[in-house]
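Next up, some structures in structure tokens.
In what follows, chain A forms one complex with chain B and a second complex with chain C.
Moving on, here comes the complex of A and B:
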């Protein structure tokens, strides 16, 4: 039953966070710093992963549609699978793996060194000081990262389709353009933002509830990335069902 | 230059581990213990991720095939996507996030507390004793988890298509069996053996060479997830190209 207690503590954590921020401005100057850290540090990883996702989408789309004589549909497959589903979830997984684990381990280390208690002694609410900037930053940055992921996925799959598979590049892009529209992009941004919220809350919660010492830090980091990615994928299904179902 | 030096160290580490895999004595007890632990710990997350993803493929795939009135082709898309790509990738991401990072955390904590040095002082080869069983355990556990993820993904697609969207269930199953060949499953298993090896090596490398106290352990866990995922996405492209290129 301990997981039920954990869920309850998580709800309490979210409530405390909301109360710490009620009628108060976020800590000045920290948000942009965190946004830079989350966005810029996750960018190289995200770029590389989206490149490989795009290449594989092309390869598998080609392998799946060739028996039906529909090689031309690869562009449509890439657009629907890549843009609607994979790009937001890839961005979320990578941010969870890079920025989320970092949040968890930073906060857990502060807990180990009793710096969180020191903040409280100085009458600074640790949730307000540590979590709020990260929260605002990730909400700000996730949509941008999602757009980057979309662009990179399509560009790399176009490259594989034309250079490796010998498809017609113009036709490919035509299919991409006709398969997705502005509504899809808005949906992606929305998804990205919500994933960011989930990642931030889960990672910071894992950091705050960690036990002390090196094992505690490792354990907190570990569970942060697992819980964040599992909840993002589940949330993705619900959002897809609502947005496209 | 720092990066290059690290890549070199990683290569040496891999070679040192490989040498110990093929020479006795083997630490079989820890190997089985780690395999069991990793499999049971990752099982929940893997199934929890692949099942909704199978449902999402069912949802989006139906929209594509609706355009052509070819809804009965949906199972072929689901089986290709789940068996060849999604289940291996998602299972490996979760194994890296759960199993790999917990190995890095364990080894890192052992390094920080100087337990690894203590092992060496007792004339026990720490690579052979602590690292080799973990790497081999991930190599065995990842394909097993992949098979579980595949089943969950197909089930997710089925649940989406038949009870929720109201496609005929018999047609779905008949097409699923007609389009799925054993080769597809073999592809997933071969891929995940390679991915498991990569995850194991990266995780143990980062944990084994952790420095700088509790913060160092956190950093090594962080690096493990990121680097392992990067490595096996790259490997995935090469493997897919090798197996499916025209």
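Moving on, here comes the complex of A and C:
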């Protein structure tokens, strides 16, 4: 039953966050600072993973379709699997691994060192001060990172398809273009934004509810990445059901 | 009237406050048991007692970080457990607190840490006025010229002083000290005690000091409250408590402390022994 209690506490946390921000401006200047940090931190690893996901999509698509004589369909395969599904989830897991863990550990350390209590005593709502800028920043940054993941995946798969597998590059891009439309891109952006919301809320919740001391910081960091990643993958399935099911 | 500041009320008043925490075995641990206490305006009240007797828990009740299971904690007449969040924050703006390790923000410089509450609550001050105010309190805590120093480069004693500077920078009416001497060597500890006495003389505000350092406490306190097992076992002026016949008080104060005469001024200067 402890998971039920945790869900209840999480709901309370979200309610308190909403209440802390009611009719109030976010802390000045901190949102862009956080957005820069989340974006810059996550970008290198996101680029790297997206490149290799793209290359492997081309290789697997080619291997699957060649026996059927449909190697020209690799572009379509990359568009459907890579753009609709993998790019948003790659962006989400990378941000959860980099920015999410940092949010959880920073807040957990602040709790351990009584800095969260110090904010309270200085009459500053810690949820407003610590969570709101991160929340706004991740909502701003996630769609941009998702776009980066989409284009990197397509670019790297195109490179492998043309340079290694000998496919026609123009035809590849035509298949990509005809397989996805503006609705898919909007859906991707929406997914990215929702994943960002989940990552931020879960990570900050884990930080705020951590037990004090090094063990608590470690547990909070670990829980944040595991719960955020699992939640994003599950949410991705539900969203795909609604959008494409 | 839980939601209104009463300027005539004592700054801090606890009435029948009890608090228990659940234990891992499914039971509960009583940390505060029917504690009643009044901390008069402009005086330094020290709350003493062995470790684990609820001193820090009591302090957290005063600032509203914890809510009592029974009884009430009134700060400037406001019931901290039942008042609205806006009122609790209004009361907290009148309070400064020195945390055990200073609770300084690692990402900010020393000066920015001290300026932090000014930035939030004194928007009418210009950047120059804030800087001047910060430099003024840095001098008060005897750390002039440290505005730009990273907090990571501060020693334990310096962190406490910077924490104290941050606590007083907004000119609060009540300043709370959570174990100001913990983790410090005797010389630094004495320097912090002396700083508290000097601050008291300069600021004329209400101080509450949580400590288990007897000599330091006797140096700074006008009044002492001793907690043991979650209960108040002695409370009164420094001279009254140090002459209490309560066995726990006698045991806690030890035999080596030179006690002030009954009726003597609250602030006593005592030699550190051992």
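One rule holds for everything that comes next: the second predicted complex is superposed on the first by the 245 of 245 C-alpha atoms of A that agree within 3 Å, B and C clash if a C-alpha of one lies under 4 Å from a C-alpha of the other, contacts with A are read in each partner's own complex, and residues count from 1 in each chain.
Just so we're on the same page, contacts are C-beta pairs under 8 Å (C-beta built on N, C-alpha and C of every residue); 3 or more make two chains touch, one makes a residue touch a chain.
No experiment lies behind these values; they were computed from the predicted model shown.
Colleague: Just to be sure I read the superposition right, which of the two partners does A:48 touch: chain B = first, chain C = second, or both, or neither?
Modeller: A:48: touches chain B, not chain C.
Colleague: If you tally the residues of chain A touched by each partner, is the higher count for chain B or for chain C?
Modeller: It is B that touches the greater number of chain A residues.
Colleague: Can A:120 be said to touch chain B (first), chain C (second), both, or neither?
Modeller: Only chain C is touched by A:120; chain B is not.
Colleague: Tell me which partner A:60 touches in the superposition: chain B (first), chain C (second), both or neither.
Modeller: Touch status of A:60: first partner only.
Colleague: Regarding the shared-chain residue A:98, is it in contact with chain B (first), chain C (second), both, or neither?
Modeller: first
Colleague: Can you pull the chain A residues that chain B and chain C both touch?
Modeller: 113
Colleague: Report the residues of chain C in contact with chain A in the complex, numbered from low to high.
Modeller: 60, 63-65, 85, 89-90, 92-93, 95-97, 99-101, 103-105, 116-117, 120-121
Colleague: Can you list the chain A residues touching chain B in their complex?
Modeller: 45, 48-49, 52-53, 55-56, 59-60, 62-64, 66, 68, 76-77, 80-81, 84-85, 93-94, 97-98, 101-102, 104-106, 108-109, 112-113, 164-165, 213-222, 225-226, 229-230, 233-234, 236-237, 240-241, 244-245
Colleague: Where on chain B does chain A make contact in their complex?
Modeller: 45, 48-49, 52-53, 55-57, 59-60, 63-64, 73, 76-77, 80-81, 84-85, 90, 93-94, 97-98, 101-102, 104-106, 108-109, 112-113, 213-215, 217-219, 221-222, 225-226, 229-230, 233-234, 236-237, 240-241, 244-246
Colleague: Could you pull out which chain A residues touch chain C in their complex?
Modeller: Residues of chain A touching chain C: 113-115, 117-118, 120-125.
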